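Following are the structures in question.
Below, chain A partners chain B and then partners chain C, in two separate complexes.
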Partner chain A sequence: MKQDLLNVAVIIKLEPDFSEGNVSYNSDGTLNRAETKNILGPHSAVACNAAFYCKVRYGAHVSVGTMGPPIAESALKQAQILSDAEELNLYSDRMFAGADTLATAEVLKNGVEKMFGGNKSDIVFSGHRASDGETGQTGPQTAWKLGYTFLGNVIDFEIDLDRKAVVAKRMISLQGMDTIIEEIESPLPVFITIDPSYKSNFNTVSQRLTANNFGKEARKHSESSGQYLKVYDGKKLELDPRMVGLPGSPTIVYKVEKIPRAKANRKAEIVDPSNPDNLAQVTEKITEISRG
Partner chain B sequence: MEQFDVAIIGGGSAGLSALKKLSDLNKSAILIEAGNGIGTKNVSGGILYSKNDSQGKIYNVEDVFGSDFSANAPVERLIKRYLLHATSKNKIFTIDMTRLHDYKTNFAYSVLLNRLTPWFAELATESAERHGGGIVTGVHVSDIQWIDNKTIVSTNELEEFEVKSIIAADGINSEVAQITSARGKFTPEEVYFGVKVIIKLPEKIIEERFHLDSSEGSAHLFAGDVTLNHIGGGFLYTNRETLSLGAVYHYNSLLSNPVTPTQLIDELIKNPLISEYIKDEVTLRNGNDGLSKEDQLKIHLGVSKLLKTYNELRDKYFSSNNTKLVESGKFKNLDEVKSKIDSIKHDLNEKFGIQFVNNYVELEYSAKLIPDGKRCMMKRPYFKNILFIGDAAGRGIFIGPKIEGLNVGIDDAVRASIAISRSIESNNFDSDYLGNYYESLVNESPYTREMNSIDENYLNLFLESVEDIPMGVIDPSLSFGLQFIKNKFLRGICLRLANSFGSRRVLPLIESEKTYVQIPIRLANKLGDTVHSTFVPSIPTLADRIANLQYDDDSESHIIVNNKKSEFMRKLILLCPTKCYSLEGNDVVLQHEGCVECGSCSIGTIWKHPKGEKGIKYRYG
Partner chain C sequence: MKMSGTTVEDSNPKIDEKYRHIYVIIEHFEGHVVPVSLEMLGEARRLMDDFNQKYDLKEKVVAVVLGSNVRDLCEELVTYGADCVIYANHEVLKYPRNDIDTRIIAQIAKDTELIKEISPEYQSAFARPRYMFFAADNTGRHLSSTVLAELESGLASDINKLVISDLEIRHEHKTKGKTIRYEKILEMYRPDFSGFLWTTILCLDNKNPEILREYHPQGCSIIPGAFKPIERDRSRKGKVIEYSPEGYQDSKIKILNRKVVKKTVDYDTSKIIVSFGRGIRENPERNIKMIEELAQTLGAEIGITLPLSKKPYQLSQNFDSKYMIPDRVIGTSGSKVAPRLYVAIGLSGAVQHIAGMKESEVVISINTDKNSPIIDESDIFINGRLEEVVPVLTEQLKKQTNIISMRSN
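Moving on, here comes the complex of A and B:
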């Protein structure tokens, strides 16, 4: 296998664990973040799987980065188990607090540029969205800031190492239209947000055995994840304080509203089943509808 | 096309033993398992034996996985007591069969396969990787073909690959056997059907209730009215922090008197002795029907977290390493842990109306077919360059209270590995060379002898175990028989006669409703003690049991019914453990979602395992 031909970056997020028994709520019904367990976000985990695929198939060098408080180190450790990353990067500074997606993208862009000893990354993976944010903007905005070709909703991909290109399948779902799978080719570098339906396609016995070996190595490496970790503050990332945190965030949360219940597009009538006369009405209705 | 010396199909205890042994013989082998991870498709009753025999070598688990097996393996409890309980309503008569259990036994552990087989896999992988082999999971073998002297294996998931030999360790419903026509499907006459539930019970409570020292366990068999008039019985094995409670019946007996498998389990649970064994203090949630949905959700989420903390702390408190709670510095002493538990309990009750009642907790429902070796073991356990081992070869021991399968599969695995290793060294995989040699090795196994003939010493021990029972209580015809064989000279003649006929023919005569149902009921009624249960267990419905299982359902069914109107398929409406069959008009129709892949319908269907990673995922096994 060819070694270290590709530099693959993954940006991930520490998110609340919404599974039953792990969530705490304040008395007003809002999330109690301090009491709620945090985990590597499920979409970030899929991005790590994609990086792992690059490692097994193409001998890629993997670096994972995240912006967050010091406890986000635990997400990096979990990401290492999935991706067998050689580098773990935590971008942590009080000045990053209150960041919206754009300010986050600014931090991540500088973070990605510092990976691989300052060498350029060939592919950057991120999750489709975060389970506690849902806007799905950080990925595309980071891609834009990096100046990379952006490929969203990617469900499968192969790399052509000789031509330095990626062939990716994207799943496009638009309201009122059939879901289509688009196959596109792009020269590297690219920024890929990976679809939650992505599954690594190891299709020979040898590939599976290699994946097993790397998986085992990853678990071993993660036991001493601290020695792979680099922590960057705003200064180390050479960030302009005006571009990050609250000052760098143009988004203003004006008001939070509950999602209105969608209007039912079907009409329903409640019929008492104990009365046989009512059932006759049901038959009548069905006959009427079936006649068109 | 990729090439390998050996492919082992099936990652149960036998297949993994073969991988370990072959690797230790410096041979390269790969193991292909359809389940999503090792252990997810494995179910056993739950006792793994290590045996000895003066007349022949037995290859035991410690021979394969190391002499420190007992110290390192994630086994449950060392079985020290083996009791048979005859039941009739609330009357129980107990016979101590520990001496029978100890006969030729080095040790026996209760096991849960989803804990044990991943450990086997770890050790096997470590050895296999040294020779370029290993384990591939989530891959379902769909075909094997012989083209131009090459053996080509096809799967649903991977590119085809070539092998020189195969070990079929794919269980009682072996697809390899069907693909190659190496043997027919086992008939209901040849197999037993087992259904089991895993019950949660804290470690210290198990030890106190069953009078056990730490890490020691007991096994309990049940016969009598709990069988609902079937040939077979119930079992209860103590695990570390769970109990395995199951029912095993001759499949023919179930077909002639069909009941739902859940009824067989429920009948055991309702028995007062068993319900007292499984009893625990459990929480009962109140409905919050009067509240808004939002408030209900808030309470639900609040309670969930508190309940989780309560249960985790209680389990730790009742575990053997409960001192860790103190060592961690969180608590000053165990009394403080106890007061913390009581305080959470108080909060749960006061703030959320949670009640604490006597009941029991089921963790997992499972089902499996079990080969009765004396009836169905393959006489020639090979086909071309494929060797069959364990359940796939129909090899298991079923003689009265003696039920052994895992150890037989491990012994077979070593013999198959030795035969293949020899073939690799001489590069000869002809069936005359490989298959014949394997057959001769299997025939040398003391287990094969046990499946073929009755062991006089074992029979003696059995008679000694029951000698104190007044014969007048037992059925007159059987009483005569017992008196007859109590005479050593006559017993010798009987045994020689029986063994010349073959136990394959003789033993099934003893396996009757009389021995499994009527006599135990008489014993319990006449000699039994009265046992009272202090609560009525609320037994989950089948729907609840299925909802508690984990599946990755395949959109395509892995089963096709041959004849929708057959009498056999009609019986499956009752007998399928997860009610996959129902009647639509005159046709029996299948809904494969929820199938636990036991194979009880196999003889009336085209039956395959689901594709890789699909289907049932057992967490205990």
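Moving on, here comes the complex of A and C:
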């Protein structure tokens, strides 16, 4: 592996597919996991796009990793189509099951360190948060364990290969305050969580051609994605069983309950719309309110 | 392999004495405290008052502020319930930067000298905070993650209810299947993405002799708007402690510039908001067009429910990027709104959505299901299919507007 090459890692997740026709809800409004399909999470997909950008613009090597059961291989395959990754890594072991974010980060840290034949990753990308867990904690915790500078909410970035630095734009929005776009610079290595609004910009014809070619290649490669796949268990990752899965998790889920329905705050007047006159009364009320 | 945290003996009261106080990590912006910080202080105050009474202790609400020249703001925190404010004042701390902020907060959390000034009576045994609160926004969420990774303890995100209690726990790993009583445990309630389920998360020491380990502080990030600040009391007394971090290591992150951008959607000035949910599913594109027309007729802004921001439908790029975006979500994980009129179309009214719109003056909803929780938040409930109701309303409203404009001519 060439010394000056950029190594880009992506951490992804297999998640429930929330698209209509694939998602299934129970009658009480909760997700029916058994009936819902799983796919590469949408935020993971954005992270893959960012890695693909690095490949096209900077000739980066790309390695994708995920922690999950064997079926998570399907997410890696989808990630390869998007990123044209040369390496796919599945971190799978029964002892990882039930991990909270800290115990997950422990696995991912060791996983990232094993990428590129043990050479260091210059950038690690992850999604903004998972659509099912929605904690958004695993990325920054993995970054911290790796000792990488963490940059969150990144909407755009460029790499300065000579100076080994990243210049990035990030979005900061705090409750009741104006949104801020902050431009920052940091030396590599960095860990970036990509904002959902990120779009890869291929500005020149040659970039677009390269992107097209890599895109075609990626689809071809993914047909034999198994060739690119490495599966790691806890032993191969040299993990301490006490630091992963349930034993390595500081937190536990104590109970899950339905959120009690709040007391009615208003007494609704029920309108039958089959009679247009009824709706006309509503219209009048709306007009009254909007004028008032 | 490292195993940090010290060895514990089962039910050893000495362990409990190592952990004191609630540390609340404060966010501020251009000299103003971000509202969620005052909300966290309010909840910390309520919890601590009950806690001290119940356990006959004198533990404190400790606010932690990183900044540059914000002493006044620290004084203000006392009037909102802080007993102590630890104030790290330095030019480099003017804007939040994850790496340096994490190191300094972790250092403050572990500082046993500092505790002398906060509570000398607890100094001898102090090791770390008992609880730690962060804001669940796009700065605090990351900061809480890295701080708790550095402190190697547990963290629950997006919490909207907190209870401190003593619990009998039996757990395969934590207690090796034995029932053990845990005291002063923070029950952290977290609504899931659907808004219908509440998961209670606990951060517990391992009392299983094979994996013995202490996990403190018990950390969480708190949803903005979930709690109320206490009423400001200008006569409240508290202590502001200036803190200079030792072994100071600068941030690797250089801020080149900061620009204020206009929000894509502004609900604060909207008098009318029309929101929709999964009820549009039969023909999403056509239904959104219909709702768009109603909103235009009313001069209303458009909102969505959280599930729609997960892009469940195949839509044309234009619609998708305009409406199915997190910026339009009304609810605890989006905007809190209080328009004069809120029109809720094809949405069932998950708790997390209702929390975002219940302050609306008048609520009209359109829904096929009379059992939907939204009925309890509606003044008028049109019990029908949105496909049939919305176009009629739009047409009638257009006529009305015409009449009004004719009259005023």
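Worth a mention:
The criterion applied here is as follows: the second predicted complex is superposed on the first by the 239 of 292 C-alpha atoms of A that agree within 3 Å, B and C clash if a C-alpha of one lies under 4 Å from a C-alpha of the other, contacts with A are read in each partner's own complex, and residues count from 1 in each chain.
Simple rule for what comes next: contacts are C-beta pairs under 8 Å (C-beta built on N, C-alpha and C of every residue); 3 or more make two chains touch, one makes a residue touch a chain.
Remember, predicted model here, so these are calculated numbers, not experimental data.
Once the two complexes are laid over each other on the shared chain, residue contacts for A:25 go to chain B and to chain C alike. Touch criterion met: A:206 reaches chain B, while chain C stays clear of it. Of the two partner chains, chain C is the only one that A:181 touches; chain B does not reach it.
Of the two partner chains placed around the shared chain by superposition, neither chain B nor chain C is touched by A:34. In the superposed model, C is the one of chain B and chain C that contacts more residues of chain A.
In the superposition on chain A, A:253 makes contact with chain C only, not with chain B. Comparing the two complexes, residues 20, 23, 25, 29 of chain A contact chain B in one case and chain C in the other. The touching residues of chain A, when paired with chain B in their complex, are 20-25, 29, 203-206, 208-209, 212-213. Partner chain A is touched in their complex by these residues of chain B: 2, 4, 30, 32, 125, 129, 133-136, 139, 157-159, 161, 294, 298, 301-302, 304-305, 307-308.
Residue ranges on chain C touching chain A, taken from their complex, read 1, 3, 27, 29-30, 32, 34-36, 95-96, 98-99, 102, 135, 137-139, 141-142, 144-146, 148-150, 152-158, 167, 171-174, 187, 191-204, 206, 208, 210-211, 215, 224-225, 252-263, 271-272, 281, 284, 298-299, 307, 310-314, 325-326, 340-341, 348, 350-351, 354, 358, 361-366, 370, 373, 375-384, 388-389, 392-393, 396-397, 400-401, 404. Against chain C, the residues of chain A that register as touching in their complex are 18-20, 23, 25, 28-31, 42, 100-102, 105, 131-132, 134-141, 143-145, 149-153, 167, 171-187, 193, 196-197, 240, 242-243, 246-247, 249-259, 261-266, 268-274, 276, 279-280, 282-287, 289-292.
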